[in-house]
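Paired with chain B in one complex and with chain C in the other, chain A is shared by the two complexes that follow.
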Partner chain A sequence: MAKLKVIAACGSGMGSSQIIKMKLEKAFKKLNIDAEIYHTNVGDAKSNANNYDVVFCSESLVGTFGDVKATVIGLKNLLSEKEMAEKIQEKIIDKK
Partner chain B sequence: MEFLLDIWGFFQNNILTKPQFFIGFIVLIGYLLLGKPIHECIAGFIKATVGYMILGVASGGLVGNFRPVLVGLKDRFELSAAVIDPYFGQAAAQMSVENVGRSFSMMMLVLLLAFTMNILLVLFRKYTKIRTLFITGHVMVQQSSTALWLVLFCFPELQDPQVVVMLGILLGTYWAVGSNLTVEPVAKLSEGGGFATGHQQMFGIWITSKIAGKIGDPKKSLETLKLPGFLAMFNENVVATGVLMFFFFGAIITVLGPDLMHSIDKGFAPNQNFGFYILEKSLYFAVYLTILQLGIRMFVSELTNSFQGISEKILPGSMPAVDCAAVYGFGHPNAVTIGFLFGAFGQLLAILGLIVFNSPILIISGFVPLFFDNATFAVYANRLGGIRAATIIPFFSGIIQVLGGAFAAHYFLTGVYGGWHGSSDWDYLWPAIGVIMNNLHVVGVAIVVIGLLAIPQIIYRMNKDTYFLIAEDFDAYKELMAKKQGVSVDEVVID
Partner chain C sequence: MLKELVEKKRYSFHKGFDDWRDAVRAACQPLIDDGAIKPVYPDEIIKKVEELGPYIVIAPNLCIPHAQEGVGVNETAMCFMKTEEPVHFDPDDPDKDARVFVVLASTDNNIHLQNLALLVETMSDEEKFAKILEANTPEELVKIEE
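After this line comes the complex of A and B, so read on.
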């Protein structure tokens, strides 16, 4: 599998998206997926979404992405590696 | 001896008083100690240094862009003005610190010492009852900046090392005690999410969790509400800042009039249309804010990463205290929007009040406190007190933000550079701490630190059996509560 290009997004692109990124790095590593993760704010993520494979953000922000080409995954708990692993399994691995 | 003094002089002139290199070298040394490969150490050094230098450019830009408007207000109405926003506040604090001839490098030392203080308080949690470690890097930078100015304002004659030590202890205590207060509200909202909030409105979250249930009924929640679609545009930072600044600066500059602006602002070309001048001026704030955030993101992501590592490695059983927005997924999306909206109503009303009652300082709403504080309060308020609490609490929070911010920007003189921190805790708690420090000096600092440290002790004594359990094992906490209420785990009521 080629390197997965991932965006972690939150409102201002400062705090929460960085937390998502740190937890995602661990989750992807455990699943043996090679991923490159970039964190930013939703506005920037939306306009760049077509150049990435997956976008992770809080469930409350999923609506702002509309229909972008990337898979948008909403998280309830931004710090839960378990939730991330389940959603990666369901929306990325099983879709391949 | 001469030789040693030369080395010290070199170090002082080239590194200690140049915050960009000081921060760069801290990152470099940290990475070398962690045994990272040399190319990563150099990359870290460059990113931290460049990130800080970007910060300097953006802070100067923000303050510079504001200056003609400040001059105009002073000229015409004898008024000063401040944007209440942590980024503007940080820029104004940096300018204030440098203007009295002190080095802003201290900010970074304060941050590191305060973080160490927080670690110590967690390590000795058997005695201190502190369960949380504050790791939200960008907020730590903003708060260290503003708090540094507060201490220099209150203790102008104090030497650098004393400033750093005293403030490190004070700020670290605030980080530990404040984030510790959010353990219960966050755990209950997120059903044991395993984190706490380390941000700008920690005392407000706690107060909300105590009063929301008394204000409204959780059954009348705002989930059924239909909100107008255009509000979604405020989800984007640049757009939200542009709109807010156009609204406020448009109004102020229009009142000042084109003639006065021409005479003050050389950037206003004689053939430029007045409307487009206002638009350009307003949007420049969005420009500098975006640059500022880019700079912070650059040197803070390295910081937060290592803080997170530390919290996992040396402090098992403690909770990381993270950005306030981490709980938004557990609330209804409407709550976030309602909080923002009613916070805005409160702020507008208070700003009108300032004008009507001839306040010497005018307040301009900044996006960060308006959105993040009030949205956070609304999420908790909706869960505990439904739509009534989710509208009333942000509304009053908005009023407090403006009045507290106006007082602080005026009293601590950051209004000279057009900004104040403006986030919730910094609109009542920290101004109060500042006034105590200014009047009682070192005794005041001691009173504040002891007073803060007493808070977890009191809370612990009120819930001895569940105090650590709720942080360490939420399921076990639920079982215990169910037993207490005499119901099964599925029926247990946790408020």
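After this line comes the complex of A and C, so read on.
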């Protein structure tokens, strides 16, 4: 699988998005997926979404992305590696 | 992390708030009092949440009020608040209730990242988080990390 380009987004780009990035790095490593992870605010993430394969954000922000090409994955609990692993499995690995 | 916040007097305990905006303001108050942030910072946080929804509630019962780097911030800091009763961010979604608040303010991204890592480590530990939910005094907070 080619290197996955991932962006983590939150309202300001400095809190939740960085937490998502930290947790995703662990989750992808455990699943042996080679991923490049960036973080930013939603506005920026939306305008650049087509340059990425996957967008991760808090569930409450999913709606702001509309119909971008990237797979948008909303998270309920940003601290749960279990939720991340399940969603990576379902929306990224199983889709390949 | 908790011990350091108690030492710096960056914590508060409250019964509850009818309006999440008041909870965000109260959570920020110790940082306004010691000059780490300006009073405009909680307004910035509130504005973003009104615009985008309660994205600052990052896990059940955990809210991390924060806004853009540098706006109204004098010093990279964290501040803890706990309420006895849940604060509702979305009346239709109990998953967006919070009782533990950790305000994040940043001017220095390196220190901020260290703070975030500490926060994630502390709050991801379910046993610790359960104890934090039970704590009602600064002494009890400090004990959790002993």
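Convention: the second predicted complex is superposed on the first by the 96 of 96 C-alpha atoms of A that agree within 3 Å, B and C clash if a C-alpha of one lies under 4 Å from a C-alpha of the other, contacts with A are read in each partner's own complex, and residues count from 1 in each chain.
Keep in mind that, in the parts below, a residue touches a chain if its C-beta (ideal position, glycine included) is under 8 Å from a C-beta of that chain, and two chains touch if they have at least 3 such contacts.
Everything numeric here is computed off the predicted structure, so don't read it as measured data.
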First, second, both or neither for A:V54, with chain B first and chain C second: neither
Chain B versus chain C as contact partner of A:G74, first or second or both or neither: first
Touching partner for A:A27 - first (chain B), second (chain C), both, neither: neither
First (chain B), second (chain C), both or neither touched by A:M14: both
Which of chain B and chain C A:I88 touches, first, second, both or neither: neither
Touched partner set for A:H39, first chain B, second chain C, both or neither: first
Overlapping contact positions on chain A, where the chain C interface meets the chain B interface: 10-16, 18-19, 22, 41-42, 58, 60-61, 63-64, 76-80
Chain A partner contacts - residues on chain B that touch it in the complex: 136-139, 190, 193-195, 199, 232, 235-239, 293, 296-297, 300-301, 304-305, 308, 320, 322-326, 328-331, 333, 336, 368, 371-372
Sites on chain A touched by chain B in the complex: 10-16, 18-19, 22, 39, 41-43, 46, 58-61, 63-64, 74-80
Touch list for chain C against partner chain A, complex: 48-49, 51-60, 62, 64, 66-69, 90, 95-96, 104, 106, 112-113, 116-117, 119-120, 123-124
Interface residues, chain A side, partner chain C - complex: 10-16, 18-19, 22-23, 41-42, 57-58, 60-61, 63-64, 76-81
